[in-house]
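Two complexes, one shared chain (subunit A), two partners (subunit B, subunit C).
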Partner chain A sequence: MQETISVLGGSQTKFGELWGYDLKELIDEAVADAIRSAGIMPTDIDAIVVANMMGSDVNGQGHLGAYASSILPHHPPALRVEAACASGGVAIHTACALLESNRAGTVLVVGAEKLTDASNEDITKAIMSAGDNERDSASGLTFPGIFGLVANRYMYEHGLTRDQLSLVSALHHKNAVTNPYAQFHKEIAPEVISTSALVADPLRLLDCSPISDGAAAVILSTTKSSPVQLLASHVANDHISLADRTSVTSFMTTRNAMERALEEANVKREDIDVIELHDCFSIAALIHMEDMGFAEAGRGIELYQEPRLAVNPSGGLKACGHPIGATGVKQIVDCWKQLTKKAPNQTKDATVALAHNIGGVAATCALHILATNA
Partner chain B sequence: MQETISVLGGSQTKFGELWGYDLKELIDEAVADAIRSAGIMPTDIDAIVVANMMGSDVNGQGHLGAYASSILPHHPPALRVEAACASGGVAIHTACALLESNRAGTVLVVGAEKLTDASNEDITKAIMSAGDNERDSASGLTFPGIFGLVANRYMYEHGLTRDQLSLVSALHHKNAVTNPYAQFHKEIAPEVISTSALVADPLRLLDCSPISDGAAAVILSTTKSSPVQLLASHVANDHISLADRTSVTSFMTTRNAMERALEEANVKREDIDVIELHDCFSIAALIHMEDMGFAEAGRGIELYQEPRLAVNPSGGLKACGHPIGATGVKQIVDCWKQLTKKAPNQTKDATVALAHNIGGVAATCALHILATNA
Partner chain C sequence: MLNAPSLHRQLKKTHASKNADGTIVSFTTIRNAPKGFGQKPYTVALIAFENGTKVMAQLTEDGLAPQIGASVSPRLRKIRTLENGLIVYDRKYVVIAAAREPQIKIQHYVLALTGPSGVGKTTITRTLLHLFSSYAEQVPIYTTRKPKREEVEPYTYITSKKFDELLATGEMIAETTMQSTTEDRRYGYIKSDIEAMWNAGKLPIVVTDIHLLQGLEKNLGRRAILSCGLLPPGNSRRRMLSSLFHRLRSRGRDTEEQIKERIEVAKTDLAAFETYPHLFDHLLVNDELDVCAERIRGLVEG
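Moving on to the complex of A and B:
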């Protein structure tokens, strides 16, 4: 990092079907709680970055930078960033650039999404705007369909079984049980996952992250300090359409972002104690863990058979929930909680944490490494 | 500026009803032409910022950062920025932060919008997502309606007449006649404007910028130099809803951004030779010129009665066109053309140029000052 960027505080609303909130109220709550947790005054904030994907399509509300600026007394400069489901991580990256450029000393990042007022069909269609609308959407693919293809190919290449795959969601659900902000608080046995409703063969309902409402916010600063710092912030991109890739069982963006982030952070892979991972579908979790080098190709499942590091202690997208724009910001909040020993599912002696956030079929990857010096 | 940022080149597609292009093809053309004009290799680009407002709502295509990265051979990191009609200016500001942070040495900014495939009703509704969806949209207001209220109040406060107001669009249309990229190439007499179809009293059809398709791109760099530099880049925000303002005939964001930009650029208002101004509606042009200090309150019309500096030599939003995400980027392209003596409607001896870009009811203002050292 060009500057020492501290995470002063963070917060999230509960994730789930929040029928008592609209999009703005989710933002309001996350922002107020993040400011309180950081121990700063609202007027200490020099700039705002908002992460959101579907405000204008689904909620009739764009221009969310201006909205977020409206709720602070001094109306600091604000913008909205969108990179599909990686909007949150890319917003954190944008905030880092604002801080490193010295245009701001303290930046608020807030991610939010309000999806459950729309029909599942409308949301599924809106999510497909993250793919290539001509070559992916027009052929009838949905995101479960795309990851169903990915899972089929992975099983063919590596011999993964349906029952093995179920270990992924089972662990994430188990982790979420103690997280008061999680959408689901229920342990689910692998055999229940394996026999849940078929969505896109071989993927079943309990392989898929849910449609969620929620918001999360963090306060980053170069002028105020805290025991938790960002050591690396990287965004990597690839072809937006799956049709242009050379492999569907390995994602270049995760590989590239991880390599650059480890170099920038000057830490070794083995130093990482806890990971918030983008498990939009169970199969994606395995591939990303392999691409980050925590397992060899085809052997990601071993991390779920015999866990050797904390993956998604929050419950991840599957069990904590996936309010799209909020997800990448909430990962940073969870990493910060782990490093300040405030996490409900606390990883013992965690000093280095990683947040991995993906947009589309991994056409964007935003990857952050955080550490505590306390 | 924290670093010397050079404008290496820029381009725009024709603006208008471009039925032979889709959103991606507009981006493709602007990017290819900008790279060519800058005399760089595509692989010299370290990062991409895309400005777009309605890709997901109207075109079914979000995640445009990933799309733009797809078309370059090395897929550099990319993100999309949205701030309603100020998306382009805010994208330029974001690129400045990436450059000043040393995360990138050369950045491509591309703004694009493809609107004319949708109905006017759908576009009018989608544009209202730039306002407050509960307090502005829900009361039945549209943007012409909002600026009709503004015009009524301005006329009441300052005694501006309908025939005087018509001078604004008349000049912008006259300027566009020689601009090959403009949507309209027709001089329109003030009396024709005054008697055109009533849209939102007192605003008539020819007071309103059109619905347009188009794209624009610029290449900014700290590692390569050119005779044109950015001297200042500022974003200012205010309440998103008109209902929360203390005045509707003066915009705090334009005032604040101008004050900060003049200070950062270390130039005097009198040094500015040419302005690309956000004339979404004729009345807005007058108010913004006053808020930038080029005329006293209520006397903006004098700048159109007896022009003393070049305002919208391109034709502005009214006559060159307003493909929303492209507008703020195209303003920088036009300023660069003026300063490199490449403009069709060239301002003699122009050395300092200003680009003024607004989102919503001036809830966001992005303001840039450029100068040539040649």
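Moving on to the complex of A and C:
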């Protein structure tokens, strides 16, 4: 990083089916709590970056930058970024650019999504805008379908079994039990996951992250300091459709972003204590861990058979919920909580944390490394 | 300008590839369809064609049960209904034959591509990875040079010290140094990377210069390398260098200074084909990318 960027504070609303909130109220709550947790005045904020994917399509509300600005007394400049499910991570990356260029000294990043007001059929279609509208959507493919293709191929290449795959969601659910902000607080046995309703075989309902409402906000600064710093921020991109890629079971964007981020942060893979991972589907979690170099190709499942790393202590997307635009920001909030010993499912002596956020079938990967300056 | 016959020939060619039979890379049955696709579950497959392109398409309900590796053939069928009631027809695929054993039996060998900078090693490799789909993989290159933002090769960055260690322990089996005015760049390959690909039943592809090739020959044995030398078009050395010069310039990755350095290196690279003929199985002129990649595929598949 060209500047020392401190994470002053962050917060999230509860994730879930929030009938009592609209999109704006979610933003209001996350922003207010984040400002409080950072211990700053609202007027200390020089700029706002909003992460949101489907406000225009689903809620009839675009122009969210202006909205976020309007709830602060001094109406700081604001913009909205969209990169499908990686909107949050890319918003953090954008905030870093504003800070590194000295365009702003303190930036508020807020991610929000309100999905449960629309029908499942409509949401399924709207989410497909993260795929390629010519190459993917025309065939009636859905996102669970895309990852179903990935899972089927992965099982074929590496011999992963259905029962092994169920360990992934089971662990994420277990992790979320103590997280008050999580959508689900229930442990689920692997056998229940293996026999839940088929969505896009081999993927079943409990392999898929839910449709959620929620918001998260974080405050980054170069002018104020805090014990937690952002050591690396990288975004990598690839073809939107799997049909244009060489591999279906490994994502180049994660590999590239990880290499560059480790280099920039000057930390080793082994130094990382906590990982917030983009487990939009159970199979994705395995592939990401392999692409980030924590396991060899085909052996990601070992990290769930014998956990030796804190992966998704918050519950991840599966159990904590996946309000699309909020997810990447919430990962940073969770990493910050871990590093300041505020996490409900605290990893002992955590000093380096990693947030891995993807959009689509990893056509975008935003990867961040945070550390305490202790 | 296209004259009539060539236009028709081209159309025919496109038409043929669109209606070609393909192979299932993977498939899944969708049970929660997006709006317009009805309530009934349907199967979508990722289908690969001979020419290396892929499509996502639905499978028909008739035909054999889908299977990875099975052959499929296109049909025109109803795919969805618009909100105004109009029916949309599109290409669906019917499974016509069960999966065969993969045609390429990978013996333990690597495919090495050697040639001067700008001859198209990277592009050919990328095309080959598409053509071979999941049967080939590019071996990561370890380098001491500083990462660039817009990296196109699978580099792993290590320090000079680490590089020396890997050489000393024998883990690194091939290395080369690029003289440069700005920094000393070293590149190498690690044996375990290649072995892991062999174990996974894949064909490792390595991009080499003469030193890397010599290292691989020494440590893997000459018979474990299918070695292809790539030449730029042109029937004299001057013409070849001139075409490299133009390619390097048009790809826009290097400064004029760097291009000059690369051309100097290219002179030695071209000379190597004559000095070490025993290190090459085939020399190919990369005039047209598709043709060259297709020929290399032919060599691999025998």
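We adopt the following convention: the second predicted complex is superposed on the first by the 373 of 374 C-alpha atoms of A that agree within 3 Å, B and C clash if a C-alpha of one lies under 4 Å from a C-alpha of the other, contacts with A are read in each partner's own complex, and residues count from 1 in each chain.
The rule is short, and it goes like this: contacts are C-beta pairs under 8 Å (C-beta built on N, C-alpha and C of every residue); 3 or more make two chains touch, one makes a residue touch a chain.
Values in this document were obtained by computation on a predicted structure and should not be read as measured data.
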| item | value |
| --- | --- |
| Partner chain in contact with A:Ser241 - subunit B first, subunit C second, else both or neither | both |
| Partner chain in contact with A:Met128 - subunit B first, subunit C second, else both or neither | both |
| Which superposed partner A:Pro144 touches (first subunit B, second subunit C, both, neither) | second |
| Touched partner set for A:Ser196, first subunit B, second subunit C, both or neither | neither |
| Subunit B versus subunit C as contact partner of A:Gln346, first or second or both or neither | neither |
| Contacts of A:Thr178 with subunit B and subunit C, given as first, second, both or neither | neither |
| First (subunit B), second (subunit C), both or neither touched by A:Glu259 | second |
| Dominant contact partner of subunit A by residue count, subunit C or subunit B | B |
| Set intersection of subunit A contacts, subunit C complex versus subunit B complex | 125, 128, 137, 241, 244 |
| Touching residues (chain side subunit A, partner subunit C) in the complex | 120-122, 124-125, 128, 135-142, 144-145, 148-153, 156-157, 197-203, 241-244, 246-249, 255-256, 259-260, 263, 296-298 |
| Complex contact set, residues of subunit C against subunit A | 25-37, 42, 44-46, 53-58, 68, 79-80, 90, 126, 129-130, 133-134, 147, 151, 154-157, 196, 200 |
| Footprint of subunit A on subunit B - complex, ascending | 2, 22, 24, 53-57, 59-63, 65-67, 69-70, 75-84, 90, 93-94, 96-103, 125-126, 128-134, 137, 234-241, 244, 359-360, 363-364 |
